[in-house]
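Going by the order they are written in, the chains are A, B, C and D; count residues from 1 in each one.
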């Protein structure tokens, strides 16, 4: 297999670290640079002793352009705003880019600007591809710039796509009640995510006010062909990894059986290697996808109340970030989709 | 303060244990018997070394009637079905009873029988009071038999009562997405609640199929004056204690502000010592009620989508079981409501 | 019961918060001021919603002298160095002081200065009493200034005191292998105690290099009447509260039975309300003392290898900090020792 | 790479499951049978949805001989006693066997019989190789039967081997204070390992009375060339995976520096791919080896007290069980040692 020269900018956060964990075992990848403003010059294996013997590089704080000079593909796992600051330069150097931030996920700059800040590279928004391969797969091989989806949107969009696409549910009835492990908050020392503040506690936050909400609505509206309105409530679970979405939708027309639902989803996700459907009567949990690129889906029909409940489980760092980025990389570079993503989920 | 002779049957489960923890500090209570079929004859403090120096009794497997002979009030913290087998006998002996099971929570035996089994003491259902003091407070002082509410119903009913009572929301729009700590599953050795099966994992279970669903609908329908239909999805959180309800309701009429909602709730729960309302802009979490009898409520209006989200937090073993039972006991015996329940929540 | 006017300086850390939790239920205490430089002017119940309805005060950043003017007793739960800066002034104002820092735990300023920094109030070291009531109880009632012991030293000294006092073990054979919950690191936003860094992980830190080591050796040497050398290895457990000490000592003379050991300890701790001994064959764990002022001790003799292993369990925030401070307060003010400390351990 | 036909008997426990997780990615292995008496006939992926898409087999309860007829190598991950019942038959069928139980770990049947039960295949004890490759590597390639070491012994022996082999420490001074995640207790529904009994709690168990103690002493004595006496205290940590050994030894002769210790270990473990040494000043934790076959070692010298403390970290299911079994398999079959074990540790 050919070896692509790859750099990761922002490699010392949890998503970046997960990406490195995956890339060191990717047969089509040669890591040439790992950027980190936090640990410049320090051996990766000293900061992350888990990687001793696996990564020989030291972290680099070289300017993006310098990093780009060595690499064919750059993964940018840096915060919103920082990403759009460096990506035009990376593209100019001829690199392909998979960006983990929200900067290139929106088609409409005004939506981005309402929830984030002024966009400094709006000319790239039309070119950028929203990197959810199960939905936008055909556009990814030719892309120069992929906006890797948010973790919650990945979970929610995959869970609802077949329903909204087929017009099976009322588009104003959607509710996404989601719960995430703490690694989703990033690798940092905040009181809000300190162990004793989070352990043995369950909380909701940013209810109906989270920046992933417009991202979900953008993609679901595209699928539906008309405006979708979704209430999104994120929660914080005292666990490291995983997102579970409990997704509610009001059925149009009479009730369906769970077997019919299963069949609809089976047809929609035919051939997709990373979506697994649970047999009627069983529901997925986050533990069964830990460390993998799977999105596992289960179904429940509340006949008496005319609602469908879809349960969607992903690992926020893998399918919700780094694993999906590798999937996009595989599609962009012409590798088989599952390359580097074959390791089974980590249980228990 | 007068001392009431009190027995607990089923004192070695988590709810029973929590009750003992509260009663040993209750100034109006003298513990005369602690029943347990699992540890007959064994000193309580040997089985639960936490209680060494606090409880001198040994567990008893004496028949309920024998226990009743010593006690004025009996708490029955035994499984469904076992409760209705012993309670008629306890009442005949002249005891007052607070029952933790579902056996005396339903007004309509047929609803109970649909979700549980044949009812063997249906003649007591009309007499039994549903022991949610904030809703049925006036009926409790005179009661002989109180059906202590389920943990999830306590959380959900208190969270939605002011809305359905005032007709502010569509009665078919209600969704209760709840998450509970693992102690709710009881003190037992099952694979499903083994540490390594639960830790670092989040799951939904019995979605739209949980026995607490009809209990919620019974009480909310009574408040609304017409049939309420509610979709209920429970989840399991890797923590010991706590239930968080994320409760969705579609607004009738135009949007309200969070301050208006707060005001409605303030009026509804006026004078209730165990309901605390969070100021607009803040939401409760389970950690802030741990080990207490509080139900903390917070509010969020999703204006764009015409929905209210209420967050309701309780400790499943305290307000959701043993604390509420003590509250009922206080009302039945004429003690101040908060007697024995004054210890602040346990943080962190 | 008389009401003593009490202030807490440093009330927004975990130890301070635990102290407030205990004092609001203490019948001999009136809280007059809660100092916090972090949240000046903010209502305590807004920062800690768990305390809503329990504490009406706002946090104060008034200078210590001003706080002292209102209070008879001041608890200083501030960092090392800050404590010795304010305590002389508090004493001059006529207050009695229980200090949570290490500043007044050492008899010998040079030991303190080797492990901490220059001591700015060494003239108080001889007067200050090391506030471990089981060891220095008689000196506490008359004390103006009590140096409240460290959490690890409380666990280790109580576990080993009867052995070293009676000369049963080799004084150079002692090893204290301890493990603490994360709240011991304080309420702060550091990467080292971030949830995802600590969860599902167990680590040793500062092995044979922790500042509590000289504190243990000071007290054990006093008991032994000659120099004790102890190797101390702390560990971090992914839990909120609790310290377990696994304490090793080489037996002088022939082997003892566990029953003999038990008897020795029983005699040594006769009349002490907060030391509980486990029957031979059972060992304590941290869960059974959670939230209480107990130190639970269990014994194991390794006959073949001539060693005793003592297991010592405390709650680091209660017996290891705030509960012990209240115990000292009770002794200083002439209250029964257990006042305000009667609530059973919090299980599960 | 040639494909070896492999069967796992006892594939539905945690160690068996971890083995399956590793073998499905092993390029030299073809899984032909997965035995489980618990789930006979059920698809593996139905019981463990994590493995959906990875394992097509159903669990089998076929007799061992029948399974052996299909396989060249059999991993027996069944309880003590059951293993020695089936292994002679497997060997007769011509299979090579890696056994996870204690049945073939001891050289001396009487030691086994003291701690376990009567041995029914003692004639195999001399032939069986103790499968710790770093110590007994040269014997493994030719072995028919490997007794895969216990999890605690792996951690402790690797941590102390260079010291006892070189005569650097007093052989009666050794103490192994170890702490394990809960998966070590196996996949079963016991109250002792129920979530709410273990969570937020730390405990010691079987102190100086654990069956892994004689296993450690056997191997360390072989290395030392004379009788080693070691006190072993296991503890239970509320986490899924990992064992940390905090190992104490009294130095013979004058103190060493940590750099000297490091150098000794470097020389001893030269060329061993799965032992990683931490630079002086740093210590390993269990999180950095999670899911990997690494044993990470760190060093600390307590100069004042003449002791060495070695910290040894492994994943109990991987290096402590299934990973080591694969390592043994690789050596037996002539594969490169690290085949199938290259995935980096799983963080966070």
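The criterion applied here is as follows: a residue touches a chain if its C-beta (ideal position, glycine included) is under 8 Å from a C-beta of that chain, and two chains touch if they have at least 3 such contacts.
Given the structure is predicted, the values throughout are model-derived calculations rather than measurements.
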item	value
Both-way neighbours, i.e. chains that touch chain D and touch chain C	A, B
Pair with more cross-chain C-beta pairs in contact, given A-B and B-C	A-B
Whole-Å gap separating chain A and chain C, where each centre is the average of the chain's CA atoms	46
Inter-centroid spacing, chain C versus chain B (mean Cα positions, whole Å)	36
Centre distance in Å when chain A and chain B are each reduced to the mean of their C-alpha atoms	39
Set of chain C residues in contact with two or more other chains	14, 181, 183, 187, 196-197, 199-200, 238-241, 287, 290, 348
For the chain D and chain A complex, residues of the former touching the latter	14, 17, 21, 24-25, 46, 48-54, 183, 187, 199-200, 240-241, 273, 276, 278-279, 282, 284, 287-292, 294, 296, 342-348
Residue ranges of chain A touching chain C (in the complex, touch as defined)	14, 181-183, 187-200, 238-240
Touch list for chain C against partner chain D, complex	172, 175, 177, 179, 181, 196-197, 199-205, 207-209, 229-231, 233, 235, 237-242, 244, 246, 248, 283, 285-287, 290, 300-302, 304-305, 307, 309, 311, 348
